[in-house]
Amino acid sequence: MKALVLEKYNEFVLQETDIPELKPGWVLIQVEACGICGSDVHGMDGSTGRRQPPVIMGHEAAGTIHQIASDVMGWNVGDRVTFDSTISCGECFYCKRGDINLCDNRRVLGVSCNEYRQNGAFAEYVAVPSHILYAIPENISFEQAAMIEAVSVAVHAVAISSVQANDTAVVIGCGMIGLLCIQALKATGCGKVIAIDLIDEKLKMAVELGADQTIKSNNPYLIKLVLGETENRGADLVLEVVGIEQTVNLAIDCTRKGGTVTLVGNLSPEVKFSLQKVVTRQLKVQGSCASAGEYPLCLELIASGKIKVDPLISKVAALEEGNEWFHRLYNKEAGLMKVILKP
Amino acid sequence: MKALVLEKYNEFVLQETDIPELKPGWVLIQVEACGICGSDVHGMDGSTGRRQPPVIMGHEAAGTIHQIASDVMGWNVGDRVTFDSTISCGECFYCKRGDINLCDNRRVLGVSCNEYRQNGAFAEYVAVPSHILYAIPENISFEQAAMIEAVSVAVHAVAISSVQANDTAVVIGCGMIGLLCIQALKATGCGKVIAIDLIDEKLKMAVELGADQTIKSNNPYLIKLVLGETENRGADLVLEVVGIEQTVNLAIDCTRKGGTVTLVGNLSPEVKFSLQKVVTRQLKVQGSCASAGEYPLCLELIASGKIKVDPLISKVAALEEGNEWFHRLYNKEAGLMKVILKP
Amino acid sequence: MKALVLEKYNEFVLQETDIPELKPGWVLIQVEACGICGSDVHGMDGSTGRRQPPVIMGHEAAGTIHQIASDVMGWNVGDRVTFDSTISCGECFYCKRGDINLCDNRRVLGVSCNEYRQNGAFAEYVAVPSHILYAIPENISFEQAAMIEAVSVAVHAVAISSVQANDTAVVIGCGMIGLLCIQALKATGCGKVIAIDLIDEKLKMAVELGADQTIKSNNPYLIKLVLGETENRGADLVLEVVGIEQTVNLAIDCTRKGGTVTLVGNLSPEVKFSLQKVVTRQLKVQGSCASAGEYPLCLELIASGKIKVDPLISKVAALEEGNEWFHRLYNKEAGLMKVILKP
Amino acid sequence: MKALVLEKYNEFVLQETDIPELKPGWVLIQVEACGICGSDVHGMDGSTGRRQPPVIMGHEAAGTIHQIASDVMGWNVGDRVTFDSTISCGECFYCKRGDINLCDNRRVLGVSCNEYRQNGAFAEYVAVPSHILYAIPENISFEQAAMIEAVSVAVHAVAISSVQANDTAVVIGCGMIGLLCIQALKATGCGKVIAIDLIDEKLKMAVELGADQTIKSNNPYLIKLVLGETENRGADLVLEVVGIEQTVNLAIDCTRKGGTVTLVGNLSPEVKFSLQKVVTRQLKVQGSCASAGEYPLCLELIASGKIKVDPLISKVAALEEGNEWFHRLYNKEAGLMKVILKP
């Protein structure tokens, strides 16, 4: 089969490789669309150590079932499916509680690190265990389905934030995940959503996707404006979707006493924050990691139109062009959000 | 009446003052015991700006009802009572939700700041509104009842930490509040409690009050030891009761994926912490501030012996000696925990 | 002032009475609109014992502040306001927890029973304590504001039902409260809402107000149809808003394993239900009573158009016509939902 | 191997049968102890249709691993283990949420019904899939470990009842499960536990195992006594562990406004209850079914002595005597609780 292989750091080559073997409990999927994830882009230069060449990356994919191991029940050749980006073990402390995002033995598709190599979906075929499959509703295209991992990050972050009807939320960072968070909040009955970003274009998109107010993050009256929108209290809930010290502290400052800050962004390893504000204002500051069981809900939200992914897809390109698009993303070309490759 | 007045910063004088006036809805209490709080000690030198002289401090008190405004129902002269350290307004957003610790209009007894002056209980009499009174069970002494504010801080921190039966918890810092947290955890069905402190003496007390394991906080194998006690996962719950950068990060490192860090300590205004650990391990890091409705539960826990306060009372002294004891606490005399003054 | 007085059972007379006295902490409100509640209608014939003549009924009202006791802060003459139907005590076990609907000392406005008489708002003026007032947003009319109690019943029932994004809910009974429940569910991020009633007209209204599917409650395939809409599982959540044995059991049968049945309807004193289904399917069957703190949220939901009350107002009439409208409601005139009287 | 086979209804015969085959993912366990469950006893006469002969019953067992399929990781021959009574599928809607007790495809060990036959543990060997195994701590005997299913029913019922520290609970029915509920409540930080039963002997045991108060269920002042123990409010939480109309209604009457009734008992198919009490007092009445992930916690609670099972074991007998003990249980011999058979 054709596959886009990271031959050495920073160099992808489309080449002929073996079709993956079909183990008991697994299915073989003919890939129709696979998105390039930020972690793939960061990994291509070797800095993360988690994409050691040679490896076929790609964990945001959708396709049709091509072959099924004999012991797999409930699926048929030809079924349109997407799947978890991660293979959870199903047996560890976390899996048994349903916290599959915290699985002790998780393997991410398309990752090659010291512990394991698990080829991914930038190829004609990919093999995955049947327990991570989800059927795609008819009115969702393969490209849309390939957005599900990004959608699930937003939906999970909102799900653990216990939104009450008509709460006011602030979303800091209107990149791809932030824009999905705005939509997930609205789909969850959140009231006013205030979007914050540096760039006007992003804020315009935020409004198109449901934000009620926007503020530039360099506005010197930012906190005052948030207070003005919240009866002088601060927001019930703030989603931080940038991941740097400045915006983490902005998140804390925008939150009302007793409110919740959900941390999605994680660019900076360490940040300084105000311990005394968190304690005396009794804030809940919580990390949100990937997703845990939200895929079916995500598919429903996309199918019902409550979450729109098309505006976030910058480009659908042929697998052949993979090397080029990886490099354009690596160079942070302005305006590029999700790029999807089709084998 | 006699009262211990902060005449100027760092100088308390026992002097004759007027008995407080009795407003509608208020009662006058003959004080039998009043504890010296850390915030009183920090406030005596003017550094916090919240004990501007002249002021009668004191908000951890117990006594008997001496006089009752005509419109107050349900209380009688002679009733043995304690009361909230704080007067909540009952009408703001937070009070209506039961979050009285976050009240927008709270006034702490014994505080004199730019916004208000509210004389406290280092005096023969103190006046408080009836809605903050609690009857003291027969088997609790006035001195024990004066410990209730400290107890309530611990009980509240545990209450918002959603302990599951037999969870493993780590308590970092075995000062007065930490030792109460250990007891509150045990009273809430927590399983193993691991106590961490710098000083052997404190760790000995921790064990006497219910801790199952102890670790010196400078032990180089600390994290390994915690992992060893938790099937290599980390604790379900960590209470940070020191309030400095080192221990906040220790708390984060001791917690299992998906676990909770409750921040009680708040010495350092700001601390640096690992954003990426909090996000990728999906930790919940939450502040805990004072208490919100836990006083009746605290009285029950003291009455039933599940929380022991006697070991935490270092000294019961006469109000006349107030100036001396304030200075001994100010100078951090080793081994001093709670000092209670009796008018 | 003019007031509609229940002179003897079943007979209302418009007469001149004294303006209520203004106690400390209270305000006098010039009534602009007051709805007739089902409990008023049931009470007029003496059967409930809670409307003993002579009494001025009326607890679903809105108006402008006419006079203010000297100790009341934060309100001005002329303010447009609505208020809780019930005066909670603020001091009992339940009030301190924020569960004001369960207050041990609650007094309903317009009720006259063995324990108390509290004249209500079918009059030119009514007196209420300031702590139960809420300002009416500009774009809400007095008549709309007078619907707030009914709205709050629905919003509270949904609030305690912990709706997850895109849950499927069934609402049994599309009378006034049921139609509000449908809207409250949608405003809370609920996914599919299936409405059940006996009458086509009601089901048509249900769809207009947001229901996704409707089923006649005498449809022999009802359960099958619900299963068909829920991947053969049953609904995550069922709201029972009729209150009789048949529909309570229907609610249990429509619910998926581990799901929630919220009981709002309470016509029948006792009903037989399937203990074994509740235990072996691990259902949560919970009562919902009145509301507890949801008034501000209700006003926001009405103001934002997420909850529409106009379709539920059958008639706005002059206070003079009160006797007639009470009797038309008493005789269950078809199609009558809320009737609002204007002094 | 030797096995106790239900040859025809009401007749068990000890006979030689084949050792179960070892499928991929499964282990073979040498049984050391297996308890007789109430459902086995009810099933032996054919009335439930779930023990169709010939079948080897038994799902409350413990033993040592004898053989391991080649693809099973993490277990060794000789390991001391117990296991879930039920094989959950791991793939259905409920399993993915961690609600394995509600699994759509669950198979109970030792059950033979229309859908499946799954031989159980009244035999020298039993085969189970590795994902339901739990290692037995050293200080727990095989007989104690065989009690884990009963323990887990109690621990699960308490776990879903969200006990707050020092809550007052009532347990109605002090049979085997009720006595375990009392202990589970105490282990979870519950305050006062009031035990109710018909028989003095059972109430005496309740006190020995931790109950603070006892009341005979035919005491005409029962409700008054419960109110007297709860500041006239009723209990925060009531566990109903009998399962008949009288005690379900007793449970409702003992509960405070806003409190929780957890239904464990399920003898009567249907019961009449007071709809209006549940609605106007806003009670939460919830079923509790089996357990979902509580086995590790149960083993810890037994190991730590917080839950004592020895007093509930009436007899440990040889497998040869199985037929006799089944019949003595079937005839409800007074004083018999758990009977454990050893192959």
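By letter and in written order, the chains are A, B, C and D; residue numbering begins at 1 in each of them.
Assume a residue touches a chain if its C-beta (ideal position, glycine included) is under 8 Å from a C-beta of that chain, and two chains touch if they have at least 3 such contacts.
Which protein is which chain? UniProt says A, B, C, D = Alcohol dehydrogenase.
Being a predicted model, the structure only gives us computed values, none of them experimental.
Interface note: chain A and chain D, two copies of one sequence, contact each other through mostly matching residue numbers (shared numbers exceed half of all numbers used).
For the pairs A-C and A-B, the count of C-beta pairs in contact is higher at A-B.
Centroids built from CA atoms put chain B at 42 Å from chain A.
Centre-to-centre spacing of chain A and chain C amounts to 42 Å, using the average Cα coordinate of each chain. Counting partner chains per residue, chain C shows two or more touched chains at no residue at all. Only residues 155, 158-159, 163-166, 184, 187-191, 297, 300-301, 304, 306 of chain C touch chain A when the two sit together in their complex. Chain contact summary for the complex, chain B toward chain C: residues 24, 74, 90-91, 96-98, 131, 293.
Residues of chain A that touch chain B in their complex: 93-94, 99, 101-102, 160, 231, 233, 243, 248, 257-258, 263-266, 268-289.
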